[in-house]
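By written order: A, B and C. Residues from 1 in each chain.
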Amino acid sequence: MKRLAPIIAGAIIMTTTSTEARQPNNEGRHLEQLRSVAPALEQYTQDRLYSDVWNRPGLSRRDRSLVTIAALIARGETLELTQYADLAIESGVKPAEISETITHLAYYSGWGKAMAAVGPVGQVFAKHGIKADQLAAIRPASLPLDEQAEAQRAARVAEQFNSVAPGLVQYTTDYLFRDLWLRPDLKPRDRSLITVAALISTGQVEQITYHLNRAMDSGLTEEQASEVISHLAFYAGWPNAMSALPVAKGVFEQRRS
Amino acid sequence: MKRLAPIIAGAIIMTTTSTEARQPNNEGRHLEQLRSVAPALEQYTQDRLYSDVWNRPGLSRRDRSLVTIAALIARGETLELTQYADLAIESGVKPAEISETITHLAYYSGWGKAMAAVGPVGQVFAKHGIKADQLAAIRPASLPLDEQAEAQRAARVAEQFNSVAPGLVQYTTDYLFRDLWLRPDLKPRDRSLITVAALISTGQVEQITYHLNRAMDSGLTEEQASEVISHLAFYAGWPNAMSALPVAKGVFEQRRS
Amino acid sequence: MKRLAPIIAGAIIMTTTSTEARQPNNEGRHLEQLRSVAPALEQYTQDRLYSDVWNRPGLSRRDRSLVTIAALIARGETLELTQYADLAIESGVKPAEISETITHLAYYSGWGKAMAAVGPVGQVFAKHGIKADQLAAIRPASLPLDEQAEAQRAARVAEQFNSVAPGLVQYTTDYLFRDLWLRPDLKPRDRSLITVAALISTGQVEQITYHLNRAMDSGLTEEQASEVISHLAFYAGWPNAMSALPVAKGVFEQRRS
């Protein structure tokens, strides 16, 4: 995994002074800084994260890239985003998919987290010479909607919460399920994948059941879902992954029966 | 909403290199960067967030500014804070109220989050020529205290937790309810408003019941509380807003009966 | 507590322009900025946080430093990390212990949070002239393992979750409990201390019971655990501390009986 070595280095660039940041051989210097602070962590990053986790079967490197980007955006870890967005493009994630991931996470992780991702991703897009016609369209033709399923979802939410926040209930229908989720530049399965990744990464277990089921309805396999959780243990910390396990277990068991 | 256009731009400034950041026409360049990464997000920001959400009835733009600032501080999203602090002042939030919001959130969102807000807000205060006598006083005369209600609260918490952390129980009385909450530069209703906004924005649902009741006891209407949640869906992400709904529903129903 | 005065100042340095950041008398200027935004917060920081909390009996300043660093890393508050890492070294925390805290939190708070800590801590290490032989070793001889207890833990987790994420279950055994937890440069009691601090600071209450028990099995006293929570009320916000109280109460009561 040659591409991953600079990630460690790049992650540290922005925490140093701007004088250092402009020097040419930054990546080498910052890899050196990691060695001068936590050499064991550098070793674990190479041996375990890059050589092992990223090469596990069960989830492609393309999917791992999407999951990692979603986790970094949702957690506000913009320092690492430049390098992982770069890796994503080299792993086959389309620029339009990254663009659409940012837009999607504005709704699911908050506007500020999406806005903070624009700078780092913009640098990567500029480096790769990404043009406007490679981005997610502003108002593309929508994917078909399962009217019946959506009507049921809307009715269920309205019954629960119209007496509390009718505005939010309406926005959920109009902005999310009749618009955002139908945008074609990120497939429904991938849209669910990044949603689940964002929820797990930020410890928002309550919504995992709905979105994991939705992801699996759209084609995410049980093995892939399992690998998403294991992958995120490294990027979101063990406790977030462990808290996702009982929820995933419940979803898997219900779907198996 | 002319003032809001530069917010998008400004939000991205600090993620670029410092060379770029010093160039004069930054805002235009960074709006351009948003367009070059996620043009749909720019469109949604204009059409939905600024033109729609910020102009909804039920919650004033002044209150929306306070809620947004509280969310940004609590979530550590300092990149956007400069522009929203600017908007807050133009929407009628007094500098002393912003100053006091930072002090309040040191206790409710952690010292580091408050400290990180000082730089961005300081820039806005400098731009507006805010003087020391416009800030929240260090030791102002306290608002009157409802001794009986406070004694009951203190007794309840002491009974629950004196056997676990008597130090924290005492600090809660001395530093929070007999001092911070009585500071006059932020009205009790507004103090509760930012507390509820911070709790919802960080997914800390356990304390929402107490503080939402307190907010409504101090004058926050049900409609306003409902709008706070809908507003925060955009700034803290849908999952945090959805997790707040059942809690708010419980509070509303109990108060209606 | 002379050393703590610059912390306030330093915390704000990186939010200003890089031009300012290079000026010699930064700390004075930024203390001035805090005064120009929230003078009450400066007063509270001096009177309550530094003069009171940090000098409470029941938890040494060395332990408070470790707890604070863990909280800052876990919460991604790198702005304050430089100054608190500096304070930690002056309070008797060994560089190898800080190094190992970063490595440990890669697993417990996510890789990105650990990587973001490398820059600030690297600056402090450079200032103190810390050499490679003072850092945590890459592959040191392991501490002895309680094979029976570990076998029971592994069996319990495998029974629960092998059907969901066998990869994660295996990593938990191989990477955490048969490797990370046996690394000698951070004593088991301290390793548990930073784990508990990270969990409380990020509101991850579900894992507190296991890790608080483990901490107390390794020598953390009830009084120290209590002080950790009170200390973290200031650094992680009151709601996170309050949410930890019922969990700690349960642990204390069970262990007393």
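Convention: a residue touches a chain if its C-beta (ideal position, glycine included) is under 8 Å from a C-beta of that chain, and two chains touch if they have at least 3 such contacts.
In this text the structure is predicted, and so the values were computed from the model without any measurement.
Where chain B touches chain C, under half of the residue numbers in use are shared by the two copies, so each contributes mostly different positions. These two copies of the sequence, chain A and chain B, are related by a rotation of 120 degrees on CA atoms, to the nearest 5. Chain B and chain C have Cα centroids separated by 26 Å. For chain C, the set of residues that touch two or more other chains comprises 18, 76, 203.
Listing the residues of chain B that touch chain A in their complex gives 8, 11-12, 14-19, 30, 33-41, 43-45, 48-49, 56, 58, 71-72, 75-77, 79-80, 201, 203, 226-227, 229-230, 233-243, 245-246, 248-249, 252. Chain A makes touch with chain B in their complex at residues 18, 21-22, 76, 78, 99-100, 102-103, 105-116, 118-123, 125-126, 130, 132, 135-139, 160-161, 163-168, 171-172, 175-176, 183, 199, 202-204, 206-207.
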